[in-house]
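Common to both upcoming complexes is subunit A, partnered first by subunit B, then by subunit C.
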Partner chain A sequence: MENVICIENLEKKYDNFTLKINHLEVPKGMIMGFIGENGAGKTTTIKAILDIIKNYKGEIKLFDSVNKEKAKEDIGVVLDEAFFPEILSPKDINMVMKSSYKNWDQEMFYKYLKQFNLPEKSQIKTFSKGMRKKLEIITALAHHPKLLILDEATSGLDPVGRREVLDLFQEFMQKEENTIFLSTHITTDLEHIADYITFIDKGEIIFTKMTSELLEDYGIVKSSREEFKSIDKKDIVCYIEEKYDVEMLVSNKKSFKKKYDFVSIDKVSLEELMVLMIKGVK
Partner chain B sequence: MLGFIKKDLFVVKGNLKTLLMVIILYGIMIYMGEMDILFVIPFFSMLFMLTTFNYDNYNKWDLYAVSLPNGRKNTVRSKYLTSIIGIVLSLVVGAILEMIIKNTPFKEAIDMSLAIIFGISLVISILYPVIFKLGIEKARIFIFVLAFALALIGGLIIKFINLDFNLDLSFLKDYVNYILLLLTFIILLISYKISSIIYSKREM
Partner chain C sequence: MEIIISNSSEIPIYEQIAGQIKSKILSFELKEKELLPSIRSLAKDLRCSVITTKKAYEELEKDGFVSMVPGRGVYVSKINRELALEEERKKIEDLMEEIIVIAKTNNILESELKEIFSILWEAK
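For the complex of A and B:
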C-alpha cells in the first residue's frame, strides 16, 4: 500500500519532553485518527511533518519525497489556534490564497462560505469559535489537496457543525487518492470516520490499528476484586482498580470470554480505551 | 510571495480608521510646522509594518504561513518587499507634499528623501533579523534600545564631525545620493540574507 506520510526514527528533544517515533505511516486513501492526551506529542508530530519545527533526528517523507516544500502544494492544513490575522475577512483570505496555491479554487471557496453561512466581508474577529473553525477547514480544502492534516479541527464546533464538517471530510474522501491525518480529542468523531487509529502517549506511538478491529476486538471487563485475582495479568492490556471492582482492557474479547466465562465484557469506545491505556496499570 | 504581501496590505487596510486618525493628527502638526512631512510619513509607514508583525504574532500566523508552500522563504521576502514598497511610496507622497506645502525645490526634496530612506532602511536592517530571530514580543525591548542607541550614535557622529575633526566632506557632495542608495541596497540585502538564514532554522 502506498503511503502519503512516512516517518522513520523521528526524535525531537525538549527540556522536559521527548518525541520519539520509530515508525509511522499513513496509507493513501485512508483517514487516520491520531489520539492521545494533551502533551502526548500530537501537535509536535504534526509540526515536524509540516516543518514548523526543525532540528529533529530521523526522516519524514511526504508523498514518498523528502522535499516538503513541493509536497505542501498538495496539503491542506488546519492547525490548533493558528490562522490568518483576525483583522482579515474571508474575501481577503481568498485573495491571499489565490496567490499562494497554484490550484486555489475561488468558486469552491465561495461555495463553501455560502454553504456554511459565513459572511465573506466580515472580519474574522467577529466570528464565533465554530465559524472560525469552519473557515479554517474550508480554507484547507479549497486548493484541492490530496492530503488533509488536521490538528483539533473539530474542537469548538457544536454537534450540528461537527456533523457538517465530518460530512465535508467524507465528501473529500470520495476521491480515492485523498487522505486525512486527523488529531482530535473528540474520539467519537473518529469512531465514525477513521479507518485507522494511531495512539500516542508520552511522545511514543503505542499502536496503529484499524478502527474496526480495535472496536471489535478490544473490550472492557468489569469484575470484582476476588474475580480479578483469578485472572492472568498476561491476558489483559491494562487495568484500573476502583473501590469495589476492577476495570480491565482486553485486546481479544472472544478468547478472553472463552477462558474466563464468569465475566461480562462490554464494547469499548475510543475514549474509554484512551483513558484506560493512559491511567491504567500495565 | 505575492499572497503574503497582500496579507500585510489587508492588515494595514483593516487598520484604516487608525491610519486616518494618525494622518489627520500629524497633518495638523505638519500644518502648524511642528513636524517634518518627509520624515513623518515614511516613519509611520514603518510603524504600520511593525503592526503587521503584531497581528501575525497574535493569531500565530507564522505557524500557519510555514505550512503553506515556501512559507518560510515567502514570509521573509514579503516583509522586506512590503516595507521597501511602503517606505518608497510614502516618501514619494511626502516629497510631493513637501514641495507643494513648503515650496521646497525638487532637488532638495530628493536629497532629503534619500537620506531618510537610508535612515529607515538602516533601522529595518537591524530590526528585522532580531524580530525574525526572537519574535516581535521579545524584540520589543530591542526596538526601544535600538531607537535610543541610534539617536545617541547619530548625535555623537554629528558632534565629532562638526567639532573635533572638522572633516571636510564636500568632495562627496556630488556623489552622496548614489552612495546613499548603494549603501541602502547593501545593508538591506545583507539584512535580508541574515533574516532568511535565521528564519529558515527558526523553531515555531
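For the complex of A and C:
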C-alpha cells in the first residue's frame, strides 16, 4: 500500500519531553486516528509533519517526497489553535485563499458556508467556538487537498456539529486517493469512521492497528481479586486494581474466554482501551 | 436498500453488513447484476470505516454473492439459490450436531432441547 505520510526515526528533544517516533506510516485512501492523552506528543508530531517544528532528527516524507514546500498545495490543515485573524470575515478569507491556493474552490467554500449557517460578512470575532472550527474545516477542504491533517478538529463542537463534520470528512473520502490523519481525544468519533488507530504515549508510538481489529479482538475483563490471582499475567495486556474489582485489558477476547471461562468479558471502547493502557500496570 | 447496524452487537460490523446483503440477495430483493453502492459510498452512508465495508464485500465475494470489478463497481453475482441455501442448511446441521454432542454428554433430553429451541425461536 502506498503511504502518504512516512516517518522514520524522528526525534525531537525538549527540556522535559522527548518525541521519539521510530516508524509511522499513514496509508493512502484511509482515515487514521491519532490518539493519546494531553501532552503525549500528538500536536508535536503534527507540527513536525507540517514543518512548523524544525531541527528534528530523522526523516518525514509526504507523498513520497521530503520536499514539504511542494506538498503544501495538497494538504489541508486544521490545528488546535485558531489561525485566522479575528477581524476577518469568511468573505475576506475567500479572498486571501484565492490568491494563495491555485486549486481554491470559491463555489465549494460558499456552498459549505451556507450549509453550516456561517454568515459570510461577519467578523470571526463574533463567531462561537464551534463556528470557528467549522470555518477552519471548510477552508481546509475548499482547496481540494489530497491529505487532511487535523489536530483536535472536532473537540470544540457539540454532538450535532461533530456529526456534520464527520459527514464532511467521509464525503472527502469518497475520492480514493484522499487521506485523513486526525488527532483527537474524542475517541467515539474514531470508533466509527477511522480505518486505523495509532496510539501515542509519552512521546512514543505504542501501536498502529486496524480499528476493527482493536474493537473486535480486544476486551475488558472484570473479576474479583481472588479470580485475578488465578489468571496468568502473560494472558493480559495490563490491569488496574479498582476498589471493588480488578479490570484487565486482553488482546484476544475469544481465546481468553476459552481459557478462563469463569470471567465475563465486555467489548472495549477506544476510550477504555486508552485509559487502561495509560493507567494500567503492565 | 436498508441496512441496520448495531454498534453494541457482538457481531462485527462487517459481518452484519455482509449478512444483511446476503439475505437480500437470497430473498431476491437484490437482483442478479444489480449494481451495489461502492465501498466508499456505503462507508459514508453507514458511517463506518472504508476497511469495514471493503471487508464486508470481500466476504460476500468469497462466498460468491457479489463480484467486485475494479473501476466499475460491485455487482450482485448470478447465484445458484438452491445451492446457496443448501450451504446454509449445512451450516445449521453442523451447529446442531455440536449442540447434540453437548446435550448427550450432559444427559439433556431431546424434549428439553426442543423446548429451549422453541423458546429461543419465539424470542427472535
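By definition in this document, the second predicted complex is superposed on the first by the 282 of 282 C-alpha atoms of A that agree within 3 Å, B and C clash if a C-alpha of one lies under 4 Å from a C-alpha of the other, contacts with A are read in each partner's own complex, and residues count from 1 in each chain.
To be clear about the criterion, contacts are C-beta pairs under 8 Å (C-beta built on N, C-alpha and C of every residue); 3 or more make two chains touch, one makes a residue touch a chain.
All of these numbers come straight from a predicted model, not from anything done at the bench.
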Partner chain in contact with A:M30 - subunit B first, subunit C second, else both or neither: second
Touched subunit A residues, subunit B compared with subunit C: B
First, second, both or neither for A:Q174, with subunit B first and subunit C second: second
Touching partner for A:P159 - first (subunit B), second (subunit C), both, neither: neither
Which of subunit B and subunit C A:S212 touches, first, second, both or neither: second
Subunit B versus subunit C as contact partner of A:H192, first or second or both or neither: second
Of subunit B, residues touching subunit A in the complex: 1-4, 6-7, 10-11, 14-15, 52, 55-56, 58-64, 66-72, 74, 201-204
Contacting residues of subunit C [partner subunit A, same complex]: 7-8, 10, 12-14, 40-41, 43-44, 47-52, 55
Residues of subunit A defined as touching subunit C within the complex: 29-31, 166-167, 170-171, 173-174, 176, 191-196, 210-212, 216, 267
Touching residues on subunit A, where the partner in the complex is subunit B: 47, 50-55, 69, 72-73, 75, 77, 79, 81-88, 92, 95-101, 123, 149
